[in-house]
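Sharing a structure here in structure tokens format.
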Amino acid sequence: MEPIIRVENLTFEYRKVSPEGTATSFRAVDGVTFEVPSGEFVAVLGMNGSGKSTLAKHLNGLLLPTEGEVWIEGMNTREDDHIWNIRSTVGMVFQNPDNQIVSSVVEDDVAFGPENLGVDPAEIRRRVDEALQAVGMYEQRLKAPHMLSGGQKQRIAIAGAIAMRPKCIVFDEPTAMLDPKGRHQVMDIIHRLHEAGITVILITHFMEEAMQADRLIVMKDGRITDDMPPRDFFADRERIQCAGLEMPTIIALREELIRLGLPVDASVQTEEELIEAICQLQ
Amino acid sequence: MIRDITLGQYYPEQSVIHRLDARTKILGTLLYIIEIFLVNSFAGFGLVILALGVLIGISRVPVRFIFKGLKAVVFIILLTFVLNLFMFDGTVLWHWKFLTITYEGLYRSCFMALRLILLIIGTSMLTLTTKPMELTDGLEKLLKPFNRFGLPSHEIALMMSIALRFIPTLLEETDKIMKAQQARGADFESGNLIQRVKNMIPILIPLFVGSFRIAQDLALAMEARCYHGGVGRTRMKEIVFSRRDWVAGVLLAVFLGIVIASRWMPLP
Amino acid sequence: MSITVENLTYTYSKGLPNETRALEDVSFQLEPGEFAAVIGHTGSGKSTLMQQLNGLLRPDSGKITVGEVCITDPSNKMTEVRRKVGLVFQYPEYQLFEETVAKDVAFGPKQVGMTGEELDRVVEESIRLTGLDYEEVKERSPFELSGGQKRRVAIAGVLAMKPEILILDEPTAGLDPSAHRDVLELIRRIHRKERMTILLVSHNMGDIAELADRVLVMNRGKLVMNGTPAEVFSRGEPLWEMGLGLPPATEFMERLKDRMPGIDAAQLSIEDAAKEICRYLKGRKK
């Protein structure tokens, strides 16, 4: 089966001019290769500057590689003929909830995508209603966006992506600007989308979110440093530290207990598992 | 605080007027403005006032909202009135030193003031009964025929609707920036005019930079959602003329006829 | 510098259809040098309260005293109040506007009357205090810096006014874990070095448990809890009902307590939680 996303030797370089006027080449993404089969939930983890957001923008052709190729369902992003097809196959939700909303009425904004695709008006109406219900915002469909909270706005953005009936959605740090409640709402929807069969690419710097994925890709300085199931990554203390990221609470607690001499297994990763492991030690 | 400003003074109701196609209302308003300038007698204005009264009644918009629009231009109306009052020669009614009020002056000033008032009330009926989004959609459709002359009707309409969308956001942003700079001791109240303009820089620059940031993000989001101009775009909410629009159209035409006729009748 | 707030009440949009009682009879006191955290759901009044403390908003009734100065007294010069009480808003980097970092940081102190050598000194000190390399950034345009650096410049801009009280509204919002740690470290450094009274508004209970001496809980405009982190975070049920969470370690201990009832769940940090688990298990073995 053709993977839905295929990235080969992707390099993205741009010129940076320093204050003194010297120009240097900066590789935001450096020789990245990976494939994503349909239906997978992939988390891409990395610090700011690791290249994860730049990589994300290659997945729907918003950026084109300096070197290397990106194929979406077999279509090369460099080919102009396919670009609208590619963008309706891979939807994208960005970090800033406000700056994605085009219209002053919620349902009109969700309709923006399908309208661009030239979908029949009655069909657009159907898709908009479904999308709004999927994110739990149907009741607010006639509201103005500035009356909504950050989490609600982000849900509208997700509905806007869903309405285009994509096979894959890339979420570029969707919860970075949200409060805990908003974060929870958005992650909930992401899980439900994955369960419904949509391929999910979640770009994030929150370890806790990454733990919930099927597969973890860690990026540092434009390169992929790890590409494995989260379970394997989080069982490896050194890998976590190398990535330079914050340890999730459960892992940190597990490590502390091990340090204090308790025989807790390194494979313990979730709250339930840790509680169980501790109880076993009684 | 700034959130309290309601945009475009739209007054939500379910009247026939509200449900008219925006295009009907826009064209009707244009016709109305022409009619106001065609009228050359108080009797003519009487007809207009009658028609306007009926319109306001049907629209169910409370009268106090209608007069709110006048508040902003009360000064101009007064100025017009006063200037015309003292400027005309003719039968003198009253004079004091170098100020003379004539009958002709009084007639003219009342006429001009009334024209202004009716102009404002009539046009504010448009914004009171039509949602901003409906207005931009209507304008887009009206301008479409001019595409062949190179007018980018879709782009203009999109710019307007995006502007409408972001006005509340930018107002909030301005509020935040003002507060942040005030917290740093900035003072926007005192000082002469030049001072005050200079004091606006700490607000204007962040606002501009912020707007560019919004524009960049928005453009990216629009591209990601396959925006590629107006060609091939459909609309979820298609605006179509209904029977009430044709009825309104006929009524408007009839009224125009009456107004034109009134010009040739010897009326006060 | 101590802060005393007495019976503060504030309504916004008075007379309009969306009139809201934002603050209702709020009273509390902070000792000089105390580090207080303010938590509450969105709309609970926390931001409004912060803006009252530096005079951006005026209360309908009640009194605020900072040190010896009564802020709510209308005869007080606002610039003096703003100097004493520094307020760093959310996403403060959005307020940068000057041509160079040094000029932007100098804006605040200039507004309150500092000049010449004193001004230069204060600008340099504040920039260094935030962990930035003074020589490297002073002449650069703030717009070419990274997000984390911009935020530090914005904070330096407030520090340069030499406030006696520093209020920070969600200073780590939108930052990645590394920048988050840096800002927290910066706040800790400021607190220790300058001995400022600090008020931190945050959603991050873990940070609060780590840094705060005292926690104020706002709910629908009222101050409903006022105590040490240990005291406040031991009341998980009411906090949860208000839509608030607990520090992650405490959260875990509460769940563990369901299975191991004898354990002391009131642990604020991971280290303490681990110690308590060990202690409990050793106790059971006996």
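In order of appearance the chains are A, B and C, and numbering begins at 1 in each one.
Basically, a contact is a pair of C-beta atoms (placed from the backbone, for glycine too) under 8 Å apart; a residue touches a chain by one contact, two chains touch by 3 or more.
Worth saying up front: this structure is predicted, and the values here are computed from it rather than measured.
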item: Shared interface partners, meaning chains that touch chain A and chain B; value: C
item: Chain pair with the higher count of C-beta pairs in contact (B-C, A-C); value: A-C
item: Whole-Å gap between the CA centroids of chain B and chain C; value: 45
item: Rounded Å distance between chain A and chain C, as computed from the means of their C-alpha atoms; value: 31
item: Chain A: positions in contact with at least two other chains; value: none
item: Interfacial residue positions of chain A with respect to chain B in the complex; value: 57, 60, 62, 84, 87-88, 91-92, 94, 96, 98-105, 107-108, 111-121, 124-125, 128, 144-146, 157, 160-161, 164
item: Sites on chain B touched by chain A in the complex; value: 3, 132-133, 161-162, 164-165, 168-169, 172, 213-214, 217-218, 220-228, 232-238
item: Residue ranges of chain B in contact with chain C within the complex; value: 1, 4, 173, 176-177, 179-187, 201-202, 205-206, 209-210
item: List of chain C residues in touch with chain B within their complex; value: 12-13, 16, 18, 51, 54, 56, 78-79, 82-83, 86-87, 89, 92, 94-97, 107-108, 111-112, 143, 157-158, 161
item: Parts of chain A lying in touch with chain C, wherever the complex brings them together; value: 19, 47-49, 149, 176-177, 179-181, 205-207, 244-246, 249-250, 252-253, 256-257, 259-262, 271, 274-275, 278-279, 281-282
